[in-house]
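Chain lettering (A, B, C and D) follows the sequence in which the chains are written, and residue indices restart at 1 in each chain.
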Amino acid sequence: MTSHETACILNAGDRDAKVEITIYFSDREPVGPYRLTVGARRTRHVRFNDLDDPRPIPLDTDYASIIRADVPIVVQHTRLDSRQAENALLSTMAFPA
Amino acid sequence: MTSHETACILNAGDRDAKVEITIYFSDREPVGPYRLTVGARRTRHVRFNDLDDPRPIPLDTDYASIIRADVPIVVQHTRLDSRQAENALLSTMAFPA
Amino acid sequence: MTSHETACILNAGDRDAKVEITIYFSDREPVGPYRLTVGARRTRHVRFNDLDDPRPIPLDTDYASIIRADVPIVVQHTRLDSRQAENALLSTMAFPA
Amino acid sequence: MTSHETACILNAGDRDAKVEITIYFSDREPVGPYRLTVGARRTRHVRFNDLDDPRPIPLDTDYASIIRADVPIVVQHTRLDSRQAENALLSTMAFPA
């Protein structure tokens, strides 16, 4: 019953990217932002289950996420949901906010 | 032979989103709009099989959907079609109409 | 060894859409355009294997497709390739050309 | 443990496309660009494992890629990762850089 959701973030630019992840729910206020840095010309793999500051993401509920950055980045999203045979890679651009 | 199509709608903004879903077919006029609200800073999971006002979506035919909202939202679409081993997550932006 | 590639085309507008599909290959000139109409407020499911005018698409080679229309349409692409366990739905917008 | 990542590049235009692929990592500087040409009105299938100039892509680490071209092209990305039952097709546009 565990959902393994990850995001692979690519910063192809020459400045470090300050990234903020906010998690939204159906029945409560969002949590976050979770803050992290992706170095210039680097990728970073984020497991949502590992996010714990300001607090862990509850595992018992659906959520959605918004990823913002102060420089353009590319985010590739993977959700492997053990509740159904569903697997997908999503690719999205995140723009400065 | 049942298609389980769902949409996860994220409203990351600070105003409630009025959402309208219209269903299109190959051989008849569209039905809808189905109206629902997604609260500010909330997600909402919609099962297309549960939509019944103005009337249930016929299960015996293919259809396509357009989702419109009065504020920007993010829609993640899942179709699990038992007729073939096909599963996908689609992510799209819906803009004010 | 057969590839089942289909496109579901949605014309949510109030004018019929004149659609042209062109097929591109790695080692020869493109074929097409294959022409079809999608009625106003209708969907149409196109199986690429059924396209035969100006000529059938060769089944023994990879190809890519471009779909053009004279009004905005939505195209959802499915490729079920029996050569590998690969399945995906792609959603793209086609704009007037 | 081998990742089979490929990109199918479509050049629907009437000029040859000069394409550059750069590979980014989490813990080292990017490698590339790998240069190739996609003829006018042609597709080209690229297996990332086959890229070897300036040097082969290390197989023991995650990476992300950016594809640039001097004319508009369409890139369809496939990653078949034997480490998990994950398969996806991504479609993206690459614009002149």
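A few comments on the model shown:
Methods note: contacts are C-beta pairs under 8 Å (C-beta built on N, C-alpha and C of every residue); 3 or more make two chains touch, one makes a residue touch a chain.
Every value quoted in this text rests on a predicted model; they were computed, and no experiment measured them.
Comparing the residue numbers each copy contributes, chain A and chain D share less than half of them at their mutual interface. Here the spacing of chain B and chain D, counted between their Cα centres, is 33 Å. Centroids built from CA atoms put chain B at 23 Å from chain A. Multi-chain contact residues, meaning those touching two or more other chains, occur in chain B at positions 87-88. Contacts between chains close into a ring here, every chain touching precisely two others.
Within the complex, the chain D residues that touch chain A are 22, 24-27, 29-30, 62-64, 66, 77, 79, 84-88, 90, 92.
The touching residues of chain A, when paired with chain D in their complex, are 8, 10, 12, 41-45, 74, 76, 78, 80, 87-89, 91.
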